[in-house]
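Several structures are given next for inspection.
You will see subunit A twice below: alongside subunit B first, and alongside subunit C after that.
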Partner chain A sequence: MKLELHKLSVKSLKFGDKTGFKDGTLTVNKAELLEIISEDPLLGKNIDVDIAMPGEKTRIIPVKDVIEPRWKIEGSGQVFPGMISDVETVGEGKTLVLSGCAVLTAGKIVRFQEGIIDMSGPGAEYTPYSKTCNVVLVLEPSDPNMDKHDYEKACRIAGLKAAAYLAKSCAESDSESEIETYEYADIKTGMNSLPELPKVGYLYMLQTQGLLHDTYLYGVDVKRILPTIISPLEVMDGAIVSGNCVSACDKNSTYSHQNNPVIADMLKRHGKDFNFVACIVTNENVTLADKRRSSSYATKLAHMLGLDGIVITEEGFGNPDADLIMNCWKAERYGIKTALLTDEYAGQDGASQSLADSCPEGNACVTAGNANEVIHLPAMEKVIGYAEEANVIAGGWNGSLSEDGSITVELQAITGSTSELGYTKLGAYTL
Partner chain B sequence: MYKLITNNPELHHDVKNSELIEGSALDVLIHVRSLVHLGSLLLTHPLCGNLRPNHQPFRSILIDEKNGLADLDSLSLIEEAVRIYQSCRTITPHELDSSGRIDYAYIDSELMRESLEQYGMMKNADIKAAPLLLLKKEVLN
Partner chain C sequence: MAFRVVHYINQFYAGIGGEEKADYMPEIREGVVGPGMAFKGAFKGEAEIVATVICGDSYFASNMDEATAKILDMIREYKPDAFIAGPAFNAGRYGTACGAMCAAVSKEFNIPVITGMYPENPGVEMYKKFAWVIETPNSAVGMRKAVPAMAKLTLKLLKGEAIGKPSDEGYIERGIRKNMFYEKLAAERCVDMFVAKLKGEAFETEYKMPVFDRVDPQPAVKDMKHAVIAIVTSGGICPKGNPDHIEASSASKFGEYDITGVNDLTSETHCTAHGGYDATYADQNADRVLPVDVLRDMEREGVIGKLHNKFYATVGNGTSVANAKKFGAEIVKRLVADGVTAVILTST
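This part shows the complex of A and B:
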């Protein structure tokens, strides 16, 4: 499989008559974009589209999801398969990417489960989405008493449609794009051509605890699957979509799935340091029987593939820590070495136990940071969304929003601040 | 026999065999621990997903109520959960305003619903038609 990402680098955004890309500027026809998302009768009349640029004194709250605009210009299938496109397999051909641009969906769903993005100030340092040119959809349900699942779905689809629309509208652009090429050989070829290298896989854990805590693979609710194998290139075309309303810091946004840095780095090191054999997708369900079944099945797949090592990323915390740990020790008992990527909830002083579960085999663990660390976010000149939500979102408390408009919260409230895919701005690097 | 132990009144009313604990999430855990000591098995994990003890005042745990020797896996999970709840700040339902309480009770119910349906515990199986995917074909295809 070979996938080319044709990246148009978006440096600025403006509203205009025709949606398109020229000289680093993405022009958005607001009326047309609004028409596309407002055709869903589940969304209300007062929906709006706004723009937020890096460095501006702007706060966006509450943010549900972040999506990178992409559109397939060659190859089978279309972006976000099974969600807004047909179910055909993706991951081959050419995909147009509006690099440096993001679609944000904002609106109240389950009030405490959404996040904050500051475009400048100390909060901006903690979220990668302060550095993207953001097209913000401010959404509301057509009926305030609407079923939350229906509304969540309406918001999710609106974000995906907007992202696909923006990229599609730039497909005819004559601007030069930067081309990144990713190749993934089938398992047999990989095994034959790289017999001397260790065989390494990626176990991709997805939050699937129930309605409103869900992730979708080709449109299928992942809590209903047995662990399965996908090509890492499929993920880049939006095969995995977030439907999560969970703590903002470590829910994997659709954007971070599309740009999964674990996959990107493993593909770069494939053929040099190891043979990247496959990506195994698994879930994080609520019942103990499901946790046991999925961890046994996922690690069995790893064993059947003859893996020597596996990278495991978690999504979320609390009882998903149990899934992470089961995946770890079950793989290790097959003789497969594990490296875990997670974040910590070690209390505001950092002194508490970081994970809810542990095992002696989990001796190679990477952390994306302590989500309980407290941060003060100064007032911004402009707020897109609803500032008062700071008092109710996870990581905030009654009184988080001060009269002067500043906010004191735990990092948990900042979208993507402790991404367990490692898609964060802050980190430690080996020099 | 399957049984739900919960301090969430909203969920309690919808479940076939449920015991309502008038108290905190920690009270629910401690009661479940007593039942595990008597031989009951845990069917769902005792910790919340994605909510710290000081964020979610409601806790609901599904067990298979039995008498006999304690199941060591269930025991270690519930002991660990109790330890975590005792080691950090918690929140009780009456500390929240009513809209907050409704949201938290709703999320607790939603996260349990799947498991309760799997074990046939819901009084009224709530079957909903999936909403139509609304897509303007000429724009996106």
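This part shows the complex of A and C:
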């Protein structure tokens, strides 16, 4: 498999007559974009598109998901297969990427989850999406009493459609793109190459606990899968999509799936430090039987592949800690070495246990920080969305929003702040 | 202007006497006494010991609450910016007094508190979460080592500088997790650690796996017919509208709700405050999390004696163990006072 990412580097955004890319500027035809997303009868009339640029005194709240605009210009299938495109296999050919740009879905809250993105100030330090040029969709349901699952889906599809539309509209751009080439061997070839290096894999845990805790693989609700194998290149074409965020800090955004930094780093070190032969996706369902079945199945796959080690990333916290720990000790008992990537809920004072489960085999653990740590976010000049939701979202409390417009919340409320795909530099240490 | 520091020492280091003077009552003197001289040198004028509290170890141990209150009052008028105690080395009662005073001062005045002890001093385990404890040798011979380290950390805290790892600063690990930005992405750090583990090289985990309290299940209730059953949940069930504003995650409180005469929880009357699960089905019918309907049936059928007329609820999502313990202790107290004999705990 070979995939070329053709990256157009977006430096600025503006609204204009024709959506397209020139000289670092992405021009967005707002009416056309609105027309595309408002096709959905589940979305209301008062939907809008706004722009938020790095450094601006802008706050976006509540944010549901972040998506990088991509569009396949060559090869089978199309981005976000099974969601807004056919179900054909992706991961080969050429994909156009509007690098440095993101679509944010915001607007009326689905439920107590969802996050905050500040484009400047202290909050901006914690979210990767303060550094992207953001096209913000401000959404609402057509019926305020609509089933929340339906509204969640409408928001999810709107974001994906917008991201695909923006990239598709730039496919004819004559601007030069930077090309990154990724190659990934089939398992037989992979296994037979690099005999001197350990064979390793990536166990990619996907959160699947219901509304706002879900993830989709080729359009399939991941809570309904048994663990399976996927090529890292498929992930880059949007084979994995977020069902919007629960606690915003550590629900993997679609953007972070598309740009999964663990995959990026493992591909980079493939052939030097190890032989990266497989990526296994698994779920995090709520029942004990499901946890046991999936962890046994996922680690069995790793064992059947003869892997010497796996990197395991968790998604979410608390209940999924149990899945992480089962995956860890079950792999280790097969003799497969593990390194874990998680985040922490050690209390606002940092003095409580960080995880809800543990095992002695988890002796190589990297964390993306304590999500309970409190941060003060000064008032911004512009708020896209509804600032008062700070009082109810996960990480906030009654009184989080002050009269002066500043917000005091736990890092939990900041989108992507403790990404367990490791997409930030945040971590923690013990005082 | 130099920062103002108050120093706590025992009767021995004040030169008053040994064990025979250990019941010495608290007093405060202006300026430095005993080891304060060494601190004065180590502060190099950046901080000044404005007063020294002296208290006998036995007196403190036998009158902890009274002594603490008295000393807090003495300290108040000196308006300290920081509080240092000891170092106590391996002296158990002195270490406990230093730790207790540090904890009390920190709580009362919210200023940095620093002490010094030998790792096996019982005061370390009791107070390391509340105070910075510089690791010292086991006897006063180590004074020359302890004082500069305590002074250095005190100045750093006073200036608001970032505090490094225990091994860098010389304090005993407090078990408090603190965020910091690393040079590399967490993903890269994880793959680095993975490679080290694969190769059998040394690596340092970023988080040591926690050890949990395990609670043995209680024996089964023998006489259900006379049992008074209460229901307690971490699933966030509350009257509709969440009147107590229990947080969707990281709860700071629990709610106590009356269900006298309530036979069924409906979407009109109850909902969940919880932000960590798909709440749709709990909002439709909160009995799914807090089974009032079934328990009322059992009460009517005589299977159980009585359903307690109050239920307790909090949100387990992202809530710290410390808060959960606090809620649990308080809820139990109220349940016992109300004559409840068994509890059904539901989670989500």
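The rule is simple: the second predicted complex is superposed on the first by the 417 of 431 C-alpha atoms of A that agree within 3 Å, B and C clash if a C-alpha of one lies under 4 Å from a C-alpha of the other, contacts with A are read in each partner's own complex, and residues count from 1 in each chain.
Rule of thumb we're sticking to: a contact is a pair of C-beta atoms (placed from the backbone, for glycine too) under 8 Å apart; a residue touches a chain by one contact, two chains touch by 3 or more.
It should be emphasised that the depicted structure is a prediction, and the values quoted were computed from it without experimental measurement.
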- Task: Could you tell me whether subunit B and subunit C fit or clash when both sit on subunit A in the superposition?
- Result: clash
- Message: Is A:Arg269 touching anything from subunit B or subunit C once the two structures are fitted on A? First, second, both or neither.
- Response: second
- Task: Go through the superposed model and pick first if A:Pro232 touches only subunit B, second if only subunit C, both, or neither.
- Result: neither
- Task: Once the structures are superposed on A, label A:Gly190 by its partner contacts, choosing first (subunit B), second (subunit C), both or neither.
- Result: neither
- Identify the partner contact of A:Leu42: answer first if only subunit B is touched, second if only subunit C is, both if each is, neither if none is. first
- Query: So, does A:Gly318 touch the first partner subunit B, the second partner subunit C, both, or neither?
  - Reply: both
- Message: Which partner chains sit in contact with A:Ser247 here, subunit B, subunit C, both or neither? Use first/second/both/neither.
- Response: both
- Message: Looking only at contacts as defined up top, I'd like to know whether subunit B or subunit C touches more of subunit A.
- Response: C
- Partner chain in contact with A:Asp150 - subunit B first, subunit C second, else both or neither: first
- Please indicate which partner A:Gly20 is in contact with in the superposed arrangement: first for subunit B, second for subunit C, both, or neither. neither
- Message: So in the superposed three-chain picture, is A:Gln209 touching just subunit B, just subunit C, both, or none of them (first/second/both/neither)?
- Response: both
- Interface residues of subunit A shared by subunit B and subunit C, listed 111-113, 147-149, 209-213, 246-247, 286, 317-319, 345, 347, 352-353, 372, 392, 394
- Provide the residue numbers of subunit C that touch subunit A in the complex, in ascending order. 129, 163, 165-166, 171, 173-191, 193-199, 203, 205-212, 245, 247-250, 252, 273-280, 316-323
- Item | Complex contacts: residues of subunit A adjacent to subunit C | 111-113, 125, 147-149, 198, 200, 209-213, 246-247, 260-262, 264-266, 269, 273-274, 286, 308-309, 311, 313, 317-319, 337-342, 344-355, 358-360, 362-373, 391-398, 410-412, 419-431
- Item | In the complex with subunit B, residue positions of subunit A that touch it | 36, 39-42, 78, 83-85, 110-113, 147-150, 153-154, 157, 161, 164-165, 168, 207, 209-213, 223, 246-247, 251, 284-289, 291, 316-322, 345, 347, 352-353, 356-357, 372, 392, 394
- subunit B residues touching subunit A - in the complex, by the definition given at the top: 42-52, 55, 62, 77, 80-81, 84, 87-88, 99-100, 103-104, 106-107, 110-115, 118-119, 128, 131, 133-136, 139-141
